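Presented below are the structures under discussion, each in the form of structure tokens.
Consider the two complexes below, in which subunit A is the common component and subunit B and subunit C are the respective partners.
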Partner chain A sequence: MAEASLSRVTPPSMVGVVARKEFTEIIRDGRFKWTAIIMVMLLLTALATGWQKYTAYSEVQAAAQGETNHQWLKQGDKNPHSAAHYGNYAFKQAGPLSFFDNGIEPYTGNLLFMEAHKQNLAISRPANDSSAVSRFGDLNGAMILQVLMPLLIIFLGFTAFSGEKERGTLRQLLSMGVNQRDLLWGKAIGIGGAALLAIVPCIVLGALVLSMLQISHTADNFAARVGLMALIYTGYGLVFLFLTLGVSALSSSPRTSLIALVGFWAFSVFMVPKSAAEISKAVYPSPSWGEFQATMRADQVRGLDGVPTAAKLGKYVRELMKQYNVDSPTKLPLYFPAVRMQKLEEFDHEVFDHHYNGLRDTYMAQRRLQDAFGIMDPLMSLKSLSMGLSGSDLLHHDRYTRSAEEHRRMMVSKMNGYLSKAAVDLNGVSSSSNYMTADEAVFSIVPSFSYTPPTLEEVTKEYGSAFAILAAWVLASIVFAAAAVGRVRKVSA
Partner chain B sequence: MLEAIKLKKTYGDFEALKGLDLKINAGDIYCLLGANGAGKSTTINLFLNFIDPSEGQAKVNGLDVTTHPLETKKFLAYIPETVMLYGNLTGLENLAYFAKLGGHNEYSDSDLRNFLKHVGLQDGAVEKRVAAYSKGMRQKVGVAIALAKQAKALLLDEPTSGLDPKASNEFSELLKQLQGGGAAILMATHDLFRAKETGTRIGIMREGRLMQQLSTDEVSHADLERIYLEHMH
Partner chain C sequence: MYSLIVAHETRTLAKTPSLLWILLLLTAAIAFGAWASSSVFERQSQGATAISNYENGMRTKMHDDLAKYEEKVKASGGKMEFAAVNHAPGEGPPQATNAGAVGSETESFAVLPPTGLAALSIGQSDLNLNYIPVSMKNIIDATKDNEIENPVNLKAGSFDIAFVIIFLLPIFIMAMSYDLLSSEKERGTLAMVMSHPISLRKLMASKLVSRIAILLAVVIAFGVGAVMAVGSELNQAETWARFGFWLGATVLYSIFWFALAVLVNAAGKSSATNGIVLAGSWLAFVVVIPTIVSVVTSTLYPAPSRLDFIAASREAQTAAEFERMKALDQYYYDHLELVPGGEDKANDFLTLSLANNASIEKAIKPLYDEFQNQLNRQEDAVTKFQFVSPAIMMQLAMNEVAGTSADRYENFMKQVFKFHAQWGEFFTGRFLKRDPLTTEEWKQIPTFKYVEEPFSDVLARLMPSLLGLLVVVAALTAFAFSSLRKYRVAAR
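Then we have the complex of A and B:
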């Protein structure tokens, strides 16, 4: 019977009546005022801190990238290959919403040195030195909403039905002929509205911050990212709201519902993320920095295919001499040391790609396995989506490091390419320029480092499954709450 | 208005209600007397559809409560031993809330105040939060809810229990007013005196069975007490 009444169409006004009463009761409760004040203070502090860090970093990043580019150009006349060794720095762009969710940024570094012969990791804390792909970061807006918003909703809603049962008002309520569906939605709107009251001021302030930052013009689909961010956090809030209402409806007392809900909160916020990180690291072990470097260095020498680099180089030289029909490398119409260095670079590319791609694939596999834990914890899906939309996830970091490596290879290739012409000059066949020495004009053939972070489309594609899992959580929690509230009539007797 | 047809409720091997047949018409105040566990509250819970009958039917205005759970409640008002209200809302806000839930959005603030005034709630109390109300004040708000709901039938579960004699008497007077308005009232009580004074008919229950029905016009206080005690032993 209860289930039948849930499916009956009733005027929306009854939902509004219940919602208004719930809202009024909650905001008159002194506990709500204090909880809301604490929540607002924490959120504002986190957003202000995030904003301060974001603006400071963005300014430093822009200034430093300009300065290092200037240093590259003004490094002084020198051998082009030495210039490639002099190198340059690639600075990572701050994610468009990283002031809200800085994701794995503190653990992955944001500065990468580009030099000849070496592919470096970003400086700071490499991800392989942290606990898998770290799931916990600094105090930031995302963390407050991920950790404290569910707690706020639980505190506002755990008595929604169990409290009415204990006080006896539920019998009074049900005797009025109000159906369970109206009760559920009314209470959901009332409690959700009260929770929003604690969060909306922060959202308004966040919007002001965004307008002050003026990043909306530079980030890809910035408004859509913000909209999706609001959507996923709303979804996450709804999951806890309906779980709270469902558990409250099934519980015989407020104490029971509070224990059950806080237990789930702890499980969701602490146990699963930590366990998932450790399990993912056990299933897809990532090497330590030292181990990674040692293995890569060994492969550079012996070759991935078992053919030593020296042997490969010898073969290449023979092919080159055959191509130019000469019997000695010194007779090549190219400056052989430069050609040799470039070829050694290219042999290394294969090794670098193998190891760095392997490392990236390991991290991606760890992250995807952690995402799969979203089936038992909505926070896992939310975290991935939030970091992705903020531009502070592994996808964005990988794009940055790959772009830096592409830039490094281009820089070395251009310098070696310039140097390779030196033989022509030395032979006095071509121009009189001295290709052995490069100046600012030569250095300027290497453009400044810049890259395009992943688009919103790429992000949504990467995290499609996380979005689907979160949506499934929302749906499942509503179904659970509806089924639980449908049993209220019997429980109340 | 209220009708029980061979109404039975069992919990495992225990029979809480054993085939109750009962009909309460408009203008009746039917008092169910009996010791704890006699089946009085079970009867009320069955009419409210808070529990499902094991056999038989409970009907309100001709509708079976199990097949028409929401429609039948539109005709009902329920006043328990202590009317439970929302402590953070005022008496007026509680009444407005329950009136709207009962489908009555039409009342103005003044109408609602009049209901509360009519049941004897003091003006100063109307705007006070219910957390500060005495039991008697809560019972009055319960009656005001029944009035505002324009209930055709009232289910009262020991509503005067714990009230002082004056408050209890005021409550009885309010019931008579509702009866005069054509409401059918079923009241479970231990109070023989109140049943005789307020009711039109009395049913004595024991161990889930309706042992005897009486018209209050036909028995004296002494006879009622004697008959009741006979059934209890």
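Then we have the complex of A and C:
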């Protein structure tokens, strides 16, 4: 209470005094030292393994894409349509900040086979090639800040008011005329500063990693992404900081404040995310692989509109014959098998779009519903924002799979288109026995696969509401803490 | 004295509103977990049924064509002919007479049925495809597919009963026991109790007995309830044997957390400090250590890159094509209906394509095996490292009990490969001989039936986890109770 008496000499700087007292008290505590050291070690390990995984993946991804592109060109002389069957693979890019938050990347396929006639699902999910223990969670920077940081803050701050209450020093402080707002902000700054001590080394290392990775050249608005990331995690930390102070002020003893806070932490970090996922599955059911394939295969035959594909094709052929004024498809000035295959391909597009977009929309709806749980759990909002900014969320995965499908359609129609013209030029007549081969020069009319991940603007648009909810949490927790601390005087008075 | 304290503690506990809340939350969590995990398996079995029905429907249609054709041939007194493979419908004998067409253009789904207790732990079964399409085509291709689910949900993980037991139950236990002694000490009642002829250890034991009894009564009652509600094969002894092991593991795991609370209390710190230490240990055992074990095992035995695997299998494909096919053949093998020069040639292309498939499969099988081996090494490493955290031991034990372990899936895949070979054998011979398939032979088309592994195998895998838990719990309990000796009853 040397600090308190000091405050009488210099009344205006109460916030600073309280902050200094809290800060010094915490960093002198041996328990804090150990907790901080463990946390720094974990964060460093997480960032290091994240960085290692990111660079290893990016190298392999670029090499594999280069190799299959090469294989596409060097597949050997063959019919252009066969070349489309041979196809190519689209490999997924790692998100720009996925070394920090790899989001859903372990659970999404990172390669997609692009071939004639079929739209495929992305396959090769890292989680499928991992042991069951991987389901306990991934050790990465985001996980540590999302799960461990709040607990650290709780440990540092749960006695802030309840401890002083128990010791009787709070009454003393207030009787000296200390403004409780100063008290709140002072404690917030002191505890927040101590928590930062455990995180700053990692931020420095993170910055170092970033400068080494040189991803800033490829990602859209990279600096802004990093800045926003820092902002949302700070916001999340503030929510727990003020909740801790508020609960501490309301509690009669440190143990009740601890139990309440740890309970809320377990609730928000472990209970809500899983419950929200289960509930979203029940509200918006998504098909299993078997159902998805079965309905899609059936729709390919019977048509989405109930008109069988065979009937549609017949109608198309009749129109084509009428257009060219011929009485048999073989008399068309086009290589009919290629035209037919391309048309069938286009009929399938509708079916594929219906099913694949439906699947994506269901997933998005599930995710948005889970985001709504942000109202009772700030982590839900933070998670979505963090994944979005990292480029390891559904939005980025969807862009990848959609780009691959666009590329596939382009590849197939280029090959069929070439065949339909070149084959008929071959000997002037169109017949199914009119075959031809193409070589590398023809295959090279299909450009290599590449895609542009969503821009920062698209990310902020998708997750705007999550950001608003998180901001509301920050405000609400400050208001709550202020109100709780305000009540202290009434109780003590 | 002993029973008096147990009775007193039980009565006091029963009147604590927080305990009521804890038990209510626990039962709600178990019920929610049972519902959630049973819906996962329901969805999977619906998927297996839907796609099996679709493919079986295709085959039934072929069979009906065949039966009609057979009738016609019998009536006219002719001989059955062998159809050319043709993707487009046409005249002549039906496709079903061609074993190659039936065997390569329809799929038969090999299904891994969930055990009766699958709902207890989802494990990796939300990721793996539990029904594999088998045809004459390359089987490695068929293993590429995964069960589909929103990756956001996969990341969140399942709210299954294993989650309730491994993650939530310890929290409830700690909430019930973090202040076992410290609260009495803080209230000053401990010194009073200790003035009676009872040792501190006996007091502690009786406090624990009442708590464990209440908690386990609820867990067992709701565990049995959950199994009755969402379990299956309840008339089989094996199901209940599995459930017995589940109970045993759960009891051991609960005692671990109670013993930890005793140990922390024995240090004689305040309730708040006990709370911090226990919450920290929970975080370490349940979250931090498992994720570190995961990082360590996947760093020691990294899965080979799927990306490399794809590049290599393409290489094999190109090589096979170069070897067997002229440039044009490839086209026809993709589109048999376009084959010029008669129907016999179409069959030749199918022959070629099957041979191609076989050589690609041969080329990439070693790569595939390397994947499996590496995954096995990872699993083996986890089996060794599991002893560092009771949560890992528990998870492995629960996956075994529920039949959602990696080993059971591997056993299933072995049977799938065998079935694929059987399927190929049945159709290839008939196809190569150009023997028209008859309805009589149709009845012999192989079907897949999963053969459950012997229970002794399950037990053998279950034992390390259970024994590990037992040893850890026994040691911790002994240590905790012996450290009570140094406990100071009265504040200095």
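By our rule, the second predicted complex is superposed on the first by the 452 of 493 C-alpha atoms of A that agree within 3 Å, B and C clash if a C-alpha of one lies under 4 Å from a C-alpha of the other, contacts with A are read in each partner's own complex, and residues count from 1 in each chain.
Basically, a contact is a pair of C-beta atoms (placed from the backbone, for glycine too) under 8 Å apart; a residue touches a chain by one contact, two chains touch by 3 or more.
In this text the structure is predicted, and so the values were computed from the model without any measurement.
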**Message:** Contact-wise, after the overlay, does A:A64 reach subunit B, subunit C, both or neither (first, second, both, neither)?
**Reply:** second
**Request:** Identify the partner contact of A:M271: answer first if only subunit B is touched, second if only subunit C is, both if each is, neither if none is.
**Result:** second
**Message:** If we overlay the two complexes on their shared chain A, which of subunit B and subunit C does A:S403 touch? Say first, second, both or neither.
**Reply:** neither
**Request:** Would you sort A:M14 into first (subunit B), second (subunit C), both or neither based on which partner it touches?
**Result:** first
**Message:** Per the contact definition in the header, classify A:L42: touching subunit B only (first), subunit C only (second), both, or neither.
**Reply:** second
**Request:** Using the superposition on chain A described above, determine whether A:I123 touches subunit B (first), subunit C (second), both, or neither.
**Result:** second
**Message:** Touch test for A:T24: subunit B only (first), subunit C only (second), both, or neither?
**Reply:** first
**Message:** Between subunit C and subunit B, which one touches more residues of subunit A when both complexes sit on the common chain A?
**Reply:** C
**Message:** One more residue to check, A:R171. First (subunit B), second (subunit C), both or neither?
**Reply:** first
**Item:** Those residues of subunit A which subunit B touches in one complex and subunit C touches in the other
**Value:** none
**subunit C-facing residues of subunit A, complex** = 31, 35, 42, 45, 49, 60-61, 63-64, 67-68, 71, 74-79, 81-82, 85-86, 89, 91, 103-104, 106-111, 116, 121, 123-139, 143, 147-148, 151, 155, 158-159, 253-255, 258-259, 262-263, 266, 270-271, 273-278, 280-282, 285-295, 297-298, 337, 341, 359, 362-363, 366-367, 370, 394, 397, 432-433, 435, 437
**Item:** Contact set on subunit C toward subunit A in their complex
**Value:** 29, 32, 36, 39, 43-44, 46-54, 109, 123-124, 127-129, 131, 144-159, 163, 167-168, 171, 175, 178-179, 183, 270-272, 275-276, 279-280, 283, 286-288, 290-295, 297-299, 303, 305-308, 310-311, 314-315, 317-318, 321-322, 327-328, 330-331, 334-335, 338, 340-341, 371, 375, 378-379, 381-382, 386, 391-392, 395-396, 399, 405-406
**Fill in**
subunit A contacts subunit B in the complex at 1, 5, 8, 13-14, 17-18, 21, 24-25, 28-29, 167-169, 171-179, 489-490, 492-493
**Touching residues on subunit B, where the partner in the complex is subunit A** = 45, 48-52, 66, 69-74, 76-78, 80, 82-86, 88-89, 93, 97-98, 100-103, 105, 149, 155
